[in-house]
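Shared chain: subunit A. Partners: subunit B in the first complex, subunit C in the second.
Presenting the complex of A and B:
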């Protein structure tokens, strides 16, 4: 089915998922620039994305990409520590940064007249970062504290880490973004600077500006700021061991006295948009919706409504990734239901879909939902900028973003059934059990 | 390197308030809309001035359970019909319960506003409260309570509200307790709905691709059965203060330190907001710079002011390891005292600027705008123009900030902590440490 034939409740509605007019160009030093005009409010979102994430951490140095993200706020030869944040705050701006498996990004939101100022600051720290042991040491404590807060006190997060490391037996996606505790403890100034020099270059970065600006203005400002950074030659190469096809079903179980609410998850090794054959990742996206959608998905209908073995179900697909990725389905049992039994019911719901396929109505609903989500994302400057940044940082193009809604429309019921048969296979699966440790 | 421009004037953009229209229906229900051109989506919802604090004895958790049950079927629609109808048009249906408000809202593509009003009015005026669905939904809420117990930084906030208000309804847990949730029946839900969901306390708000007159016409027909008499006022919220600690075997200690804040009707509430911003509002704030950046004592630390209709609380949250607990508390208290006694002009100017920009950001989204208008109408009976808020923030002086901070610190502290907190400073020493500031 093509976009034009897609049934729509309101014939006068705009084309589903059609995004704004986006410009994409490169500076002479190799920096890629994306401009997304949005004139609804006099604010701009400025983001710089680096094509490196935790999966690029050297062996034995897990957590360095994330640690460096923290250290990027520690000052440069032009602006001492704290000045960056002070200036952004003085301009009334908001800022933050995040590290994922495949990329690291920094962003600020400011009134549009201050765009040049934040570009100046961000360009400065792309090449002039200064690190001393006096700032590195306390920041390591901050990261250790962050790990304690996010993982060490949370059995659910610990199970998540165990499922990931069982699912990725060889690829670094199996290592947590924040790093393992014992390796974070040993990270130092030299590790951070080495990583910085390798990856923080104009050739490896993508500038995304969304907001009340035009491409020409952004181009002129970018040339005056980022344009001054000299090219380093080629973009750095990501060297990652690839995950083989796995053959064994694996189960990890975590028992902790702190658990009040047991849960079950099934993780599957699946292609990402970057590694998939044409149409394959789109089918997995639709499949995830059909199974995992809140209140209308198959899992909800089978496990919550019909069999009454679960109080909640869901699913997610980490589709935007450089290498092979994962799809996760989960269910929260009703009191008294054993996780083994819940897993059987969940697997039966998948088998039913593989055997009998999906009906046109649920297919259409899943597509509508997926495309609607992208339209809603366009309501927010920041989420719009994130879609472009994450796609480009994982090997996609601006065209891929624009084409995505029509690619989703093309997914057929048979594509979904085939995707389920091929990828939701026990040999590609790790199940994770979170249970209360009653003995402790 | 160019010095960044530091212009202090902020352009607020073309005033949009003229696009805002309010109509009051015969039963007191108000309809507020803003038509935003160039927006393909619309957001529409019903906001009710009833929440956790309106629950009576034995009803704890009822406001929230009711919100859950609203989607579980009406006389005309099954639970699945409700979501399927909204999904068929690419919509998104959601709800929220807080201390003083409950809201039900829909985001839609294009202009399916009549369908949204049909469904929202249906779930609020003709809910089925089917026994089987209620049983299942109680299971969902009990699971939420369990999940919340698994999250110490949520537990510490629940304890904070309970302790700050001495167990009064305003400080009770939104989810209720397993016992009170299990005790609810279709009858108790109908009683609460009938008692609290009254016209003068309800607002239908819509923003985006919407037409005011059409929304008013549709709403007046569909919400005609809602009663017009104002419900009784809830128990007054009186800040008490206190100390409550739960020793648990965790990797991290979570703490909230708080004081009496003020109501959003108080003229001081913006000044307190400014103080919170400079103390712990972002990466340039004192707590962030001193406790995290300089000393590496924690990952997360922030302060916030939470105003209600008749009271408010000011609080600081921090989480740290057991070994650092000894250093953490005195440093935090020093930071707080120093900020209250000697805030600088520069900090106040920066905080004001940040608050003003945060007023603008996010307003490109119809959902945020509808929510903001509804909140304003429930609280002030009108939508506050952005210029008026900006003028109020501009008018705040350094002395205002010092004065409100001093008043706040003079109230009895509330300390709540969860985790390995045996070594946490005792209440007497905390009060003594703060004493010289008051």
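Presenting the complex of A and C:
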């Protein structure tokens, strides 16, 4: 075990090998299992990941993956409504679930002696869900309130949806995870059950257990619980229309009288780790860090410090995705700065990087930061479980996670410059303007 | 050090070391080498309630500027140094405390402690970052100006504490920020960030001797004692009243509440249990069950106890579409009245105790979480052994006690309610 490992004395020693000893194996029914030991506190994080997300919603049924996630708490033939959650609460456990573009995950955090109990409940829920209109109807209202809370009352979130729709002209990443209002309203029990039957199978799931356990304990428990579910055959195939190469620069603008602070974002269509050539996504990760780092990034230096046209800048790269994905850069203008001018300055900062490249010092800083994050992630079993779960659910492997720091280490200044030239191109770009509607 | 002892058999208290440096700086330490990092959290009593009366936002402004250049490093160089060593350093202010958060790889601890020392002892407060941070805070205020959750929370605190520092915004306002000068920030820092006001928690790959040295280095040069202005104790005002703030949105956001219990109140633990049954974060909580599960009126509905140094609140919230806001509020009021009148059932009490006891360990699964708990327990003066005692206190709550405290906490069920949106029928 690595628990006894002393901190490395050599600051340049590779991070690889310092992390937890992760095991992965498959049950006979096809369920993939990942175990991440962390013996510091006698608790475990138990997660089940399904390889389906909102991008797998049938056309016209947007939001069904997310709605089903809500309905998974409504009871099974063995445990009627409320029993699952009552048992978890009585065990002193915390639970929740989340739906993303590419995956849906359910988790419980419990004292380690209760791992078997939550595995039993979660395994039951994989095949015995029972839904009636009496529970489906109020839950649809809950989801509509959720959408009102997150989107309908927030012009910034509405712009975010519009930028995604414009960026992904064809691929379902352009559709909100929670679904469009009018389509959520039409979702029903039959839609949910159909989706459930298609995707909630052992072949399509990944079990991730992180915490104070050993792999053999988890294996034995998994065989007794999830192992009882019969195999359904092959894992379901995700059939999604793929995004073509786009050619037109697009701008979407949302004006609302409630906007008191304007903002600008630029979204770019870029490869994900799953679609990229070797090294390409790593270069985009480093590029995003060099441009968007909170107080040391290029955008901060040029827009906030030098030109003083912005009060804040940043960037993020949705790197863990099944299909072509996106990188988003943003800036918040100083009072009196027009978004058109701010956009020119932002684009100029990108052009400067493409033209002159990056210096070794900023490259090293960016890599140090990204690699250190993997050490910080080891401090949280929930974070580790999420890293492994999301990687595996989007087509990656346990090995990919382990070698990521050394892959980042290999990124050169030229790789970063080339990534910027290739991907931060106006033809792949949608800009989003959030402005005050002065007329209203 | 090597593998930590089997933690389930080891009490928390026996793992917590009370470290006192030569110059008398105290910290609580949990030593653990599993992951090669160190988390240090500290808090100085004071917070935004120590802002000058006409300059709200000083503490928050200071929290945004302390990592913007210190000693030999200007703002850019300071941040580059942090990034080069992968050190995370930030400051924060809330109503009651000014806090600092440091996380570093163990191999960079010397650099990390030095950066923290510089930011506390030799902050530069240069003109460029001063102006920039002011703009950033103002942008944040404008961003929140019509954000329903921010609006309704602001309205609640203004109504509950009309003539008290707690009624002012931690961030300050667009009126107060331009009035804040460099000297105001320095004056606040000199008054508040003092050795006798600071509570420190440390978790990770460092031993007591090395930490004691670091404590002297980082905090030893601070003034010995803080000079806080007296802040009056206050009970929340406006209970029984409703305030609606019109905003053109399809859903109303609500805050409701009234007087709560002080953290050191002998009834704190029973109140915690009662609130958990009423509005805690589980599916079986009464508010969640009635408002969300049964009727689909809201995605989120909760209540919690919000103890402040000079007041105490019982506080809850929800968001529900305008047409059903009156129905939601009536339901919440009725659940609160029923809890006040009859208290929880024996079954509810039993389940709540099981949850609260069993889930306590989940607060300790990351270094930062543990360090924050160590600071919190010191701020509340609960004692080094609190983590070991706490579950016993929860177990000991009786049904009679829970009923009595439900009545005491929720009284006649009257609430101060603030609403933003276009609620129908309120």
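Assume the second predicted complex is superposed on the first by the 423 of 440 C-alpha atoms of A that agree within 3 Å, B and C clash if a C-alpha of one lies under 4 Å from a C-alpha of the other, contacts with A are read in each partner's own complex, and residues count from 1 in each chain.
Note that contacts are C-beta pairs under 8 Å (C-beta built on N, C-alpha and C of every residue); 3 or more make two chains touch, one makes a residue touch a chain.
Just so we're clear, the structure is a prediction, and the values are computed from it rather than from any experiment.
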Following the superposition defined at the top, how do subunit B and subunit C come out on subunit A, clash or fit?
clash
In the superposed arrangement, which partner chain does A:116 touch: subunit B (first), subunit C (second), both, or neither?
first
Should A:186 be classified as contacting the first partner (subunit B), the second (subunit C), both, or neither?
neither
Which holds for A:87: it touches subunit B only (first), subunit C only (second), both, or neither?
first
A:78 in the overlay: touching subunit B, subunit C, both, or neither? Say first, second, both or neither.
first
Contact-wise, after the overlay, does A:397 reach subunit B, subunit C, both or neither (first, second, both, neither)?
neither
With both complexes overlaid on chain A, does A:43 touch subunit B (first), subunit C (second), both or neither?
both
Which partner does A:124 reach: the first (subunit B), the second (subunit C), both, or neither?
first
Interface residues of subunit A shared between complexes with subunit B and subunit C:
8-9, 38-43, 73, 82, 85-86, 89-94, 109-111, 114, 137-146, 148-149, 152-154, 257-261, 293-296, 301, 304-305, 308, 311-312, 332, 334-335, 365, 368-369, 371-372, 375-376, 378-381
Subunit A residues within the subunit B interface of the complex:
8-10, 12-14, 16, 38-43, 73, 78, 81-82, 85-96, 109-111, 113-114, 116-118, 120-121, 124, 137-146, 148-149, 152-156, 257-261, 293-296, 301, 304-305, 308, 311-312, 332, 334-335, 365, 368-369, 371-372, 375-376, 378-381
Would you tell me which residues of subunit B are touching subunit A in their complex?
1-2, 4-7, 10-13, 36, 38-41, 71, 79-80, 83-84, 87-92, 107, 109-112, 136, 139-140, 142-143, 146-147, 149-153, 248-252, 282-284, 289, 292-300, 319-321, 324, 346, 349-350, 353-354, 356-358, 360-367, 419
If you look only at subunit A, which of its residues touch subunit C in the complex?
1, 3-9, 11, 18, 38-43, 73, 82, 85-86, 89-94, 109-112, 114, 137-146, 148-149, 152-154, 211-212, 257-261, 293-296, 301, 304-305, 308, 311-312, 332, 334-335, 364-365, 368-369, 371-373, 375-376, 378-382
Touching residues of subunit C toward subunit A in the complex: what are they?
2-4, 7-8, 32-37, 39, 75-76, 79-80, 83-86, 88, 103, 105-108, 128, 132, 135-136, 138-140, 142-143, 145-148, 205, 247-251, 253, 281-284, 292-300, 319-321, 351, 354-362, 364-368, 421
